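Two complexes, one shared chain (chain A), two partners (chain B, chain C).
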Partner chain A sequence: MKTNLSMNRRQRTLWTIVLGFLLLMAILFSKTWVNTGNILTNLETRNVAPSFEHLFGTDWLGRDMFTRTMLGLSLSIKVGLLGAFGSTAIALILGMAAATMGKVADQFISWLIDLFLSVPHLVALILISFTLGGGYKGVIVGIMATHWPSLARVVRAEVMQVRSAEYVKVSRRLGKSNGWIAAHHIFPHLLPQVLIGFMLLFPHAILHEAAITFLGLGLSPHEPAIGIILSESMKYLSSGLWWLAFFPGLSLLIVVRVFDKIGGSLRLLIDPTKAHL
Partner chain B sequence: MMKIGRFLLFKMIRIITLVVAICFISFLLVKNSPIDPIQAYIGADMLKVSPEQRGQIAAYWGLNEPVMTQFLNWGRAVIQGDLGTSMIYRRPVIDVIGERFVNSIVLMIAAWLFSGVFGFILGVVAAMKRNTWVDRFIQWYCYTLASTPTFWVGLLMLMIFAVSLGWFPVGLGVPIGVLTEDVTILDKIRHLVLPAVTLSIVGVANVALHTREKLIDVLSSDYVLFARARGERGLTLFWRHGLRNVALPAITLQFAAFSELFGGAVLAEQVFSYPGLGQATVEAGLRGDVPLLLGLVIFSTVFVFVGNLLADMIYEFVDPRTREGRI
Partner chain C sequence: MRLEAKGISFKYGKNPWLFQDVDFEIEAGEVVGLTGVSGRGKTTFCRILAGFERPVEGEITLGGKPLQQTGVHPVQMVLQHPEQAVNPRWKMQKVLQESGPLDDALRERLGIERTWLSRWPNELSGGELQRFCVARALAANPKFLIADEMTTMLDAITQAQIWQAVLEAAKEREMGIIVVSHERNLIKRLCDRVVEL
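Up next is the complex of A and B:
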C-alpha cells in the first residue's frame, strides 16, 4: 500500500472552504484595510495604467480602481447576502408550508412557484425595482422576491421525504406533537440543505445585483457599486482605458466563483449521499 | 391524437391562469410606483399644465377610478390586442414590441443555436474523455462561465474585437449615417455578431454540464458495456448508442432556458446598444414608460411559456420511452 502524505479529498475540500471564506471576509471588511483616501479625486494621477502603485490603474478622476473595486465588491456582497438571506427565508417558509399544510396549500404554492419562474428574472427585477423607485430597497426586495422558487422546491421535496420516514412515523405514534416533530426531526434535517441552498443562491443574487445596477435601475450612481463602476467604464472603452472594465469585472467573477466553490464544497462535506464519492 | 389534445388543453388552462395573474400583479406593481403617470407623459412641459388640465387628463385616462376598474378596462383592451401607446416612442406598444422583436429574435435564435450546438459538443467531448485533462478543462471552463456576468463578457468583446482590432462595429443595429433602405444584410450581420457571440458564450455552460452528466450515465449502462465488448469505440460508439440518448435532454433543456436567454439578451443588447426588446425594457423602466413596460412583461412571459411548452411537449411526445409508457 502506498503511503500518502498529501491531503485527502475531505481535507482539501475543508481547506478550500476556509480559504475561500477568509478571502470573502477580507473583501467584505475591505473598508478597514484599504486606503480610502485613494478614491478622492486626484487629477494629477488621471488615467494611469495598472502598475504596482495602482494595481488596477486609475480612472478619469484619478481615483484608485483597486480601492473602488474592493469597496464596490464589499457593497455587492452585503446586498447579495441580504437578498439571498431573504430569498432563503421565503423558500424555507413556503417549502415547509407546501409540504405540511395539505393539498390545497401545496397546489397553490406550486402554482406560485410557476408564476415566479415564468417571468425572466431580469425583467421581474426591472419591474420590482421600478415599482420601488430603485435604490437599495428596490434591488434587495427584487432579489428576495425572484430567487426563492428553485430552493422552495428542494425544501418541499425534502420535507415530504422526511415526513414519510419510519422514525417520524414512530415518533408520531409515540404521541409527539407536530411542533415537536418539526423542531426535532424535520428542521435539523433541513438545515444543511438550506445552508447549501443559501450559498448556491448567493452567486445568482450578486450577479443580478450587479446586472440591474449596471442597467441603471439599481443602486444610485453615488454608490461605489461594481455595477456602477462597470457602466461608467463603458463611456471610456473606445478611448482605450481597458483596465476600467477588465479588473472590476474579473474581481466580481472571482468572488462569485469562490462563493460557488464554497457552496459546492459544503455540499460535498455535508450531504451524506455525496460525502464519500 | 386525443392525448395531445388533452395535454395541450390542460397546459393552456394553466398558462392562461398564470398569464392573468402576471398581468394583475404587474399592473398593481406599476400602479403603486412612485412615478406619476401624468408627469411621465408630459415631461418637461409640466409647468405649462394647470391643475385643471391635469385633472382632465387624469379623468380621460380613468386614473380617478378604483384600481380594480382600471385593471378591468386595461385587461379588456389587452385582450383585444391594444396594449396602449408607448410614452417614449409615441407609438402603439404593440408596434414597438413587434419591431423590436424582429431584431431580438434574430439575435436570440443565433445565440440559442450556437450555444446549444457548441455546449452539446463540449459536453459530449468531456464525457467521452472523462477524467482526462480535456474533461477537467471543459468543466473548469463551464463553472467559470456560470459565474461570469454577461455584461462583462460583452464589454470584453467590445474592447477586444471592436475597439482594439476594429473587426466589428462598436454598437447599434445598423451603421450610423446610412439610410434605412441602404442597409444591407451584411451590415446587419456585422452588427449582430458580437452580441450573439456574447450571449452564446455565456449560455454554453448549462447544456454542456448537463449533457456531460447524461452521457456519463449512458456510458456506464449495460448496453454500452456490451457494445464495447464487441469492439465498438470512440465516435462509432457515441454515434450508435450515445447521441440519441443525450440529444433529447439537451434540446429540452435548451427550450426550457428561454427565460435566461431573454435575461441575457437584455444585458447584451444594453452593452451593444442593439435595438431589441431588452433595450426597450431597460428604457421603459428608466424613463417610466408604464404601457411599454407592462407590454414587455407580458410579452416576455408568453415567450418563456412558449419555450416551456415546447420543452414539455418534446419530453412528453417525442421521446419514444415516455410515449409508449403512457399508452
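Up next is the complex of A and C:
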C-alpha cells in the first residue's frame, strides 16, 4: 500500500475538482489579473519568441500572446458554458416532456430530434448564427439550438425507464404525487446523465465556437477569441512563428481536458456504485 | 372492515384470460394464505388488490366502498424482489421515510440496524433490503398487508424474525394479512384459512 499520500480516493477526487474549478475560474476572470495593456499594438516587440517576459511570445503587431490567449479562453469558456447550459436545459425539458406528456408530444419531439440530428451540427450552427447577425449572441444561440438532440433522446429514454420502475409504482401507492415522484425519484436518475451530457457538450460548444470563428462566421475579428487567434496564426505558421498557434491551441486543449476531468470526478462522487470508494 | 374482491378477471393486453371471475374476501385481523400452481396469476391478483393494476372486470371494495385511486393505498404489498422495490439512488433512510417518519421500535423489531440507514441499497443484501420494504409498508399504516413470497429467499431464522414482527404489528393494529407462498409449512403455521387460486 502506498502511504506517501495520506489522502483517500474521495479526498483526492474532491481536490481534483477544487483545483480544476479554481483554474477555470482564474481563466474565466482573467480580465482582472492580466495586464490588458499588453494586447495593445506594440511594434517594438514584434514576433518575439517565448521568453519569461512574454510566456507565449508576441505576434506580428507586438501583442502579448499570453494575455490574448487568456482573454480568448475566458470568452471561449463563457460561450461554452452558456451554450452547453442552454442545450442541456432544452434537452432536459424536451426529454421529460416527450416521456410524460403523451403520445402526440412524444412523436412530435422525437420527430424534432430526428430532424436536428439529420443536419450536421456545423451547418445548422452557421445558418442560425448567420441569421442572428453573427457575433457573440449569434454563436451562443446557435450552439444552444443545435447541441441538444442526442442528450434529449437519452433523457427521454431514462425518464421512460424510471417511470415504469417498481419503486415508482410503490411510491404512487404510498400516496405520492406526480410532481413529488418527478423531483425525488426521476430527477436523481437524470442528474448523472445530464451532468455527463453537459460535460460532453462543453468541449463541443467551445470547439464549434472556435471552428465557426475560424471560418469567419462567428465572433468579430477584434475580439480575442481562441478561434480568431488560431485562424490568424495560420497565416504566420509558414514563416516560422510556431508559438502563435501552439500555445493557444495547447491552452484550449488543457481547458477542455480540465473540464472533462471535473465532470468525471463529480460523477465518481455522486454515483452510488462508486461513491464509497 | 372487510376487503372484498368480486368477479375479478384479468388479462395482459390481448393475451388470453389469466383468471376469470375470482372472488376473494378477507376480514380485518385475519391471516389468509393464497396458494396455487406457478403462473396461475397469484402475483397479478395481489397487484390488483394493492392497486398496482386495474382489473379488466370486477371490482374491489373495502368496507363496502370502492377503493380510491389517490392517496395512501389501504392495501400495501411487499414485493418478491426487494431490489426492484427500492430506488437505487436513495439512501436507505430516505427509503424508510417515504411512507412516514422513522419508527425506532418497528425498526428494531425487524432487525434493521441503525448503521444501515446511511447506506445505499446496493450495499445491503436481499434479506436486509426486504426488512426495509416490510418496515416501509407497515409505516404506511395499511388496513391489509400482502406478503407476496416475502420471505422466500431468506434463511429460516430471518424468516421467523420478520414474520414474528409482522404478526405482532398485525395483532396490535387489527391488520389483515394475505400470505402468498409455495411453502406449505409456512402457510399452515401462519394462516387462519387458505384459498387456492
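Here is the rule we use: the second predicted complex is superposed on the first by the 255 of 277 C-alpha atoms of A that agree within 3 Å, B and C clash if a C-alpha of one lies under 4 Å from a C-alpha of the other, contacts with A are read in each partner's own complex, and residues count from 1 in each chain.
In this text, a residue touches a chain if its C-beta (ideal position, glycine included) is under 8 Å from a C-beta of that chain, and two chains touch if they have at least 3 such contacts.
Keep in mind that what you see is a predicted model, and the values were worked out from it rather than measured.
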Can A:176 be said to touch chain B (first), chain C (second), both, or neither? second
Is A:7 touching the first partner chain B, the second partner chain C, both, or neither of them? neither
Using the superposition on chain A described above, determine whether A:18 touches chain B (first), chain C (second), both, or neither. neither
Please determine whether it is chain B or chain C that touches the greater number of chain A residues. B
First (chain B), second (chain C), both or neither: which does A:129 touch? first
Looking at A:101 after the superposition, I want to know if it touches chain B, chain C, both of them or none. Which is it: first, second, both, neither? neither
Chain A residues where the chain B and chain C footprints coincide none
Going by the contact rule set out above, which residues of chain B touch chain A in the complex? 14, 17-18, 21-22, 25-26, 29-30, 32-35, 143-144, 146-152, 155-156, 158-159, 163-164, 170, 259-260, 262-263, 266-267, 270-271, 281-282, 285-286, 288, 293, 296-297, 300-301, 304-305, 308
In the complex formed with chain B, which residues of chain A make contact? 111, 114-115, 117-123, 126-133, 203, 207, 210-211, 214-217, 230, 233-234, 237-238, 240, 242, 245-246, 249, 252-253, 256-257, 260
Spell out the part of chain A that touches chain C in their complex, as residue ranges. 165-167, 169-171, 173-176, 185, 188-189, 272-273, 275-276
Hey, which residues of chain C end up touching chain A in the complex? 50-52, 70-73, 76-77, 79, 81, 84-90, 98-99, 120-123, 136, 140
